[in-house]
Structure formats: structure tokens, C-alpha cells
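Labels for the chains are A, B and C, by order of writing; each one numbers its residues from 1.
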Amino acid sequence: MKKISFLTLLLVIGLVVAGCSNDTSGGAEGEVGGEITVWAHPFTGDAEKEEEMWDKISTSFQEEYDAEVNIEIIPWANRDQKILTALAANNGPDVFYAIPDQMPQYADVGMLLELDPYLEGYDMDDFVDSALVSTTWKDKLYGLPILQSVDTLFYNKSVIEAIGEDPENLPETWKEFEAWAVKAKEQGFYATSFQGGGSMNNTLYPYIWQAGGDIVSADNEVLINGEGGVEAFSFINKMYKNGWIPEDSVTAMEQNALWEDGQMLAILGSGNTLANLQNKGKIDFVIGPPLKNKKQAAYGTTGMFVVPSNTDNPATAAEFVKTLTNAENQRTFNKVTQYIPARESSKDIFDEQPFLSQLASYTQYTLPGVINPKGRDIMPMIQAQLQAMLEGDVTPQEAADAAAEAIEGAVSQ
Amino acid sequence: MKKFFTYILLFILTFSFLLPFLIMVLGSFKEVEYVLLDPFFWIPNDPSIANYTYIFRDGIFLRWILNSVIITIIPVFSQMFLCAVLGYIFAKKKFPGREAIFWTFMAVIMIPQQLLIIPKYIMFAQFGWINTYWALIVPELWGIMGVFLIRQYLQGIPNDFEEAAYIDGANDIQIFFKIILPLSIPVVATVGTFSFISNWNDLFQPLIYMTEEKMFPVTVGLASLLGKEGNFGVEMTGSTLSFIPTFLIFLFFQRYFTEGIQMSGLK
Amino acid sequence: MTLKNNNKRFNKTKSKLPFKERFRKNAIVYIFLFPILIHFAIFQVFPFLFSFVLTFMDWRVIGNSEWVGLKHWVNFFNDKLAWKALWNTFMFSVYYIVPTMALGLILALIINSGVKFAGFFKGIFFLPVVTSFVIIAGLWGWLFRGTDNGMVNWVLNIFGVDSQLFLSDSGQALIVLAGLSIFKVAGSTMIYYFAGLQSIPNQLYEAARIDGASPLKIFWKVTFPLLKPIHFYVAIITTIGSFQIFDSAYLLTGGGPNYATTTIVFYLYQQGFSSLNLSYAAVLSYALFFVILVVSLIQRKYLGKESSFY
């Protein structure tokens, strides 16, 4: 008797589960209208300016369509969890913000709406090519890009002078950078930052790409322990053992204080680093190009807006994403947030901002991370191997091989 | 000599326990975006209330405080009452399965809340509770740790009063209100204070259940003011503001704590 | 007092007393316990069973989920990382539980020793309990920075000790995180111990002193044993807290270096919400549940039983 009632309970729960998740319809149907909810995040920390910006963008949409748009600003904290939880209950937003390594993971399990059917007659050519690469998964487009960023080196001018180098003539290759690093170390400076507790996108990956290697391809070919990969592991190991990067690089989440205090030659940063430096005006800086060993490369994210596949109002949601990422709204958005617009025609906002346009010129070298549904799963595995190497437990070759093995296991599941 | 040593130890401990608090309060008067190397970077040589004016720039902050008050006060009073009732039941009443029920309660609170969040959210969405106070109030109406503490306390109180009252013909609801509740006021105040602290400071649950700005409690509202990189000054200001009520509650009720936690069995 | 005895006594009462009389003595049980049980079933048991069902599926956030039987459970037994995470969690408890109790007791002893402004100091020691965790964690990371200019390293250097890596060293990171939790929680432990100390009658101390016992001996022979119910309560709350440790790893180390601070809740969070493997996360939470259950049964057996004498 007890057993039967328990089984019934299981059945009921099972039905609830199935019932909650039985809602996948595609196709470009439906009229634009009704109400949609958009989840964005505090991009700058200046809530007032951002509110104005969103008002302007949603007004531009409502002028054209008879639809209501609720913009909700969601804190960054535990953002994945919040989105997944809400979508699971079929109670999520109709449009939300995603980055390139999230997108394939979500698209692969059918969580995102394919946008191609909605794009007839929409100006796609104006989008930056490298941005569209990041919004596409298996030849289908799942998001439209709003912003790009590029990670490159910001040099402290007074440190450059202290080591007797020329700020007009910044390092372009690993070799040149090494020469500077040695001098910096001699003078008691750190050469650069390495936030080993953070994302591999800002640590290991750019070095792998610069060495001509890759991590794992979209069709699951593991490349991390190839020649380029091992070279990157070795280079990082050398930087750590020689004290070119700080002692806490194994797990550090940020090393801003060392940079702010003038103890570091160069910090890896992007748009917000620039905004901070300009606001404070304390450090005199120059921006250097992304380094190269075999190939010039940098990590650069592409921020995009996507539509979940269980939205009640796909037509309006898709239309809003289109309006949000048009040339005019890209200008509005990126002027406030100080990112690089993902459309060529919107890049005119930099005319008076030489540093931003310098950053924008590097977007041609950027790669968006690992585009694979397991892209984010494998990151902690690679991180652990990298940390083991920095702690001196394994050699660079062993670390790369162990990372490759772990990736192999993850993608074969 | 012994006294001297005690005071030295006291001084060191006081300094280290005071430090985070000092950094928080002084840092709130300093416009600095992130932590710096200088050990005293948080001391404002040029104090400014810019962070406060920023947080209070429009009425929404007051609304967040109101939300926090609502989702805190109701559970606090409800917990004080229900935990007292349950503590009494589990300490004094005899019925089949009493221990089994109690220890099941104890076992289930050990499940990590991180995991229950999805089933709970799905359920709340069915109830239409998302973006309402219900999602944060109803599940918190009583709490097992409070029941546990009050049960421990009442177990130490002799049954004499109760039995005398039964003989006088009182029923046990009267006994609870006339004898048990007055006896347990100190321990109930302790439960209330700890419940206040935990509900007021909870970030995780409201972060998941609330998406509309006007429904945010203070903790989530402050998080929503921070950009991707955070901002040291604004964080300190927000923490100082949300710290004040919890600390006042502690100061006000701390005299009850001692009495409340004392178990008669210790005598 | 065991369950069996209760049952016997209850049955006896039942056969003797008429319903009205029983209701008079137990009305509160009927009126309050049933609604509470329903509340408990809805908000605790149902979500818990729901996640139990998840363990047998490949659960999708959107779209159809499939039944996969014991796949995730089998994976768990072969997942070295899950066992490492359980081990880390256990080690964290070792570093955390006893020191928290000890520090709380020391603070309480100081306050109870007749120092001036005891109430004021009590307030100060309670400050970390009411200060936000994010602030304290940030401060802790700052104090224990692994470079030469970290505060703690700076102090160590003065005493001629080499700089330590702290959070960047797999041997030290977990201990530093435990230190953070000790600092955050000791204030509330102190409150419980202080209350306990206050209720120990002075005559006991005097009697011991007349017998010529040293202060240390008085502490171990009189004070410490008399605090047993407090030890029990504090042990339970710190144990639960230690097994659910998550925030500090999330904020300060990201689980590293080389998984040294990947605790079980951190790992299940990562599996569930970064890797979208919610079913496996559910398995991990069940594993944690069983561990806590076993530990608390043991605690109850050794600590709880004796406390019921009081």
C-alpha cells in the first residue's frame, strides 16, 4: 500500500515536471503587440544614466509598434541561476542578455529561439562580422549583437619610463614583452596581471590563441595540448616562476590594487578599465596592441540579446531585439556603457574619443572564447590543471595533457 | 598580572572585530571604486556624502526599505509565536511520532537551499507568487532552529506549574499563553532577533524571486546599483545602511539573550 | 527518553481518558501541529522529493526531459571530483567547528571575567554577525592577499616569516576560508556561551576554590562540563553551517587552486547552474544530505543523550 502511494506521488511529480517543460514552438508567427519583459543588467554602475538610455530605446520601439516593454535591471550576482530558474518555471523574460560562451550551451538544449525567420529585410550587413560569428550556432542565428569589447594591455607610462623604455614603441610580440618584463622585475615591478581565479577567457585562452593553438573546436576536436597550447602553458609558467605576474595569480579574482598603486607595468583590461582610468586621471597610461607569438589575438566578448524558446510573444520579442540593435540604438547604448558598437555605422560615436577608437581597431583580432556547448563546463577543469602547474605539481606538458583528457571526457558525454 | 593579560587579549580582539565595521562605515564616506593596496585606503581624508546622495537619488530606496521591513517583520513575529508553540509541543507534549517528526524537521533543513530553489520557484510561479511578498513571507513563517532552541529551553523547565494548572481545569492553550509564553519571553526574543538578522540580510532568495525594481528588498536593490565591476564606496554605503537596523535590534534585545539562552538545566 | 516509552505512555493515557479530556490536555497539538506539517510538506518535503525525481532524469530547463534511470547515481560513484568535494567539505568542518566553538567560549569567558564595559565589548564581538558577508569576505581576501604587500604577509615579514600564498596555495586556501567563517560566526557562539556561563551558580566556583583547585582545573572540571547543553546546540548549528559552505569559495577562490576549495555545495552549484546539469546537482545534494544525516545522528548519540539529563 505504502509503495503504491509513493509511486503515485512520483508519477504526479513526473507529470508536473513534464507539464512545465512541454512548450517548444518555433516559426515566425504572430503579430507584434502585447507585452514583453526584457532582462538587462547594470552595465556601468550609473543607474540614472542607464535608466534614461533604456527609456529612450523602448520609446523608439513603442513609436513604431503598439506594444509594452518592461525593462527589468537584474543584478549580475547569480545571474545564470536566476535566468535558468525563471525559464524552468516558464516565467522568464522574453528577451535577455547573453555572452558568446553561454549562447551555444543554451541553444544546444533548445532553450533559445532561432531568429532567422524574423530577419527578412533587416539590415544585417552593417553588423561587424566577428560579432555575428559569436551569435551563430550551427548555422543558425540565435541572437543579435549589441556590443563588443576587447581585452588588451594598458601600460603605466611612469613604469615604462622607470625601466627606460619608450611609450611610443610598445611590445608587439611575446619576445619583446619578455624583454620588458625582465627589466620591470629588476626594478621591482610586476610585468602584468593574471587573474587565475577568474575566467580562462582573460587568462589562458588569449595566450593559447597567440601561440597559434586552440582549446576545442565546435565539433569536439580537442586541441589544447597541441603545440600552441603547450607553449602557452609554458609561457605562463615562466611568467609566474620569474615573478613577472603576482604571487597570488593562482587564484586571484582581481589585481587592481597593484596596478592602482603603480606596481605593475601593464594590466589586461577592456572598456571599463579605460573608463575607470579616465575618470580618476591618476595614472598616465597608453594602450598597447594585443600581443602575438605566431598570431595576433585577444579575447573579446560580444554582448547579445537573445529570446528564449518558451516566450509567449516571440514576434514582439524578436522585433524588439531588432530595434534594440539597430544603428541608432547601438549608438545610444554604447555611448552610455562605453563599449564598442557591434555595427560599423555606429562606430562614429568614437570620433572624439581616440582611446575608444584605438580599442575598436583591435576587434579584428578578437576571439569570443570557446564556442562549444561544453565551453563553460570545461573551464573549471582547465583552470584546475593550470593551477596545479603554477603550484609546481605538474609540468606544462602534463597540465596540457591532463586538461585535454578532462575536455575529452566532458565533450564525449 | 592576570587582569593585565586579559585586557591585552581584549584589546587585540576588539581591534580585529571592529576593523571590518570601521572599514565599512568610513569607506562609505569615501569615493573610491575598488580596494587599494594602501592599508588605510578606506579612511576618507576628504569625507563626502556622494555615495549616500547617489543611493538616495530617488524615492526607490525608501521603497526598498519598506519592502525589507515587510518581508522581515511579518516572519519575525510569526516565527516568535509559532516557534514558541512548536517548542512547547516538542518539549512537553507526548504523542506518537513526536521524536520522529522533530528529527525529520531537523534533517530536512540540512538540505542545501541552492538545490530546492528550482522546484520552489516552479511552485511559486504556479501560485502566482513571483514578484510578490508571499514568496518571501510564507515559507519563513516558522523555522526549525527556533523550534529547536525553544524546545531545549522548555525541556529544562519543570512541569510543576503546568500540572498545577491542569488540576485547576485550564486547557493547554490557556496554559501556553498564561504560563509557557511568559516564561519563555527571553528565548523568544532571541529567536526573533536571529530571525530578523537572517531575513533582513538575505540576498539569495529575493534575488531569485523578485525581478521588478519596486519589489526589491534593500539587499537586492543595492546589488542592482552595482555595475559589473562593483564599486567599493557604494557597496560600503549600502552595507552601512542595511546594517543599522539589524544592529539596533541586537542592542535593544541583547539583554534578553542571556536570560533567553540560559537553560534552567544548567543550575 | 525514547520513542517507545512515549508510545506506551500515550497508549495508556488514550485508553483511560475520554476524548474531551485528551483534547483539553493536547488541544495545542491538534490545532497547530497539523497546519505546520502541511506547511512543512509543501515548502520542504515536496521540493526535496521533486529533486529526488530529478535524479532519475536528464532534466531540461526548456523542452522534454528523459528518464535515464540510475545514470547520474552511477556517475556519482565514479566521479572523483564529487568525492574530493565531499572530502573538502569534511576538512572544512574540521577546521571550522571546534575553533568556532573555542573562540566563542573564549570571548564569553573574557566578557564574563568582570572586565569593564562588558556590554560594549559584547556588542563589538557581535558586529561581524550583523555585517554583510560580502563585506567581510572582501576584507578577508584583502588581509590575506598572497603578495608581499598583503596585510598579514606584511606582519609575518616583520617577524621574519616568509610571505605566504594563502588563497593561492592548495594547502592553505581552505584554512583561510574556514578562518573567515570562524570570524563571522564566533560572535553568535559567544552569546550562547555567555548565557551559559551566567547561569552557573557562584557557589560551585567557590566550593572548588576552597578545595584549592587552580583556575585551569576549575574551568575543566566545573565550567566546561556544565556547559554541555550549549555545546550541543552550538555544535549542531555550526555543523549545519559548515556543510553548506558556499559563499566564501564562490567569492574568494572560485573553488581553486586545483579544486582545493571546491566544497560540495560549490560543486553542485557549478554542475547545476553553469553546466546546466541539474539532475546531477540533485544527486550531489542527496549525497550531502546523507552525510549530514549520519553526522548529526552521531552527534545526537554522543552529545544529545547526555544533555537530556539536565
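Throughout what follows, contacts are C-beta pairs under 8 Å (C-beta built on N, C-alpha and C of every residue); 3 or more make two chains touch, one makes a residue touch a chain.
Quick caveat: nothing in here was measured; it's all calculated off a predicted structure.
**Q** Chain contact graph: line, ring, star, complete or other?
**A** complete
**Q** Which two chains have the most C-beta pairs in contact?
**A** B-C
**Q** Distance between chain B and chain C based on Cα centroids, please, to the nearest Å.
**A** The mean C-alpha positions of chain B and chain C differ by 16 Å.
**Q** Indicate the whole-number Å distance between the mean C-alpha point of chain A and the mean C-alpha point of chain C.
**A** 36
**Q** Residues of chain B touching 2+ other chains?
**A** 35, 37, 118
**Q** Mark out which residues of chain A touch at least two other chains, giving numbers and ranges.
**A** Chain A, residues with two or more chain partners: 16, 78, 81, 84, 88, 257-258, 261, 263.
**Q** Would you mind listing the residues of chain C that make contact with two or more other chains?
**A** In chain C, 50, 149, 269, 272 touch at least two other chains.
**Q** For a test of understanding, state which residues of chain B touch chain C in their complex under the given definition.
**A** 6-7, 9-10, 13-14, 16-21, 23-24, 35, 37, 39, 82, 85-86, 88-89, 93-101, 103, 105-116, 118-120, 123, 138-139, 141-142, 145, 148-149, 152, 155-156, 166, 171-173, 176, 194, 197, 201, 219, 235-236, 239, 242-243, 246-247, 250-251, 254, 257-263, 265-267
**Q** Along chain B, where are the residues that touch chain A in the complex?
**A** 33-38, 57, 117-118, 121-122, 124-126, 130, 203-204, 207-208, 211-213, 220, 223-231, 234
**Q** With touch defined as at the start, can you tell me which chain A residues reach chain C in the complex?
**A** 9-10, 13-14, 16-18, 21-24, 78, 80-81, 84, 87-88, 105, 109-111, 196-198, 246-253, 257-258, 261, 263, 308-310, 376-377, 380, 383-385, 387-388, 390-391, 393
**Q** What part of chain C is in contact with chain B in the complex they form?
**A** 2-3, 6-7, 9-10, 13, 23-29, 31-33, 36-37, 39-40, 42-48, 50-51, 107, 110, 113, 115, 119, 121-136, 138-139, 142, 149, 151, 154, 183, 187-188, 191-192, 194-196, 198-201, 226-227, 229-230, 232-233, 236-237, 240, 243-244, 246, 265, 268-269, 272, 278, 281-282, 285, 288-289, 292-293, 296, 300, 307-310
**Q** Quick check on the complex: what are the chain C residues that touch chain A?
**A** 49-50, 53-54, 57, 59-65, 141, 145-150, 163, 165-170, 173, 251-259, 262, 269-270, 272-276
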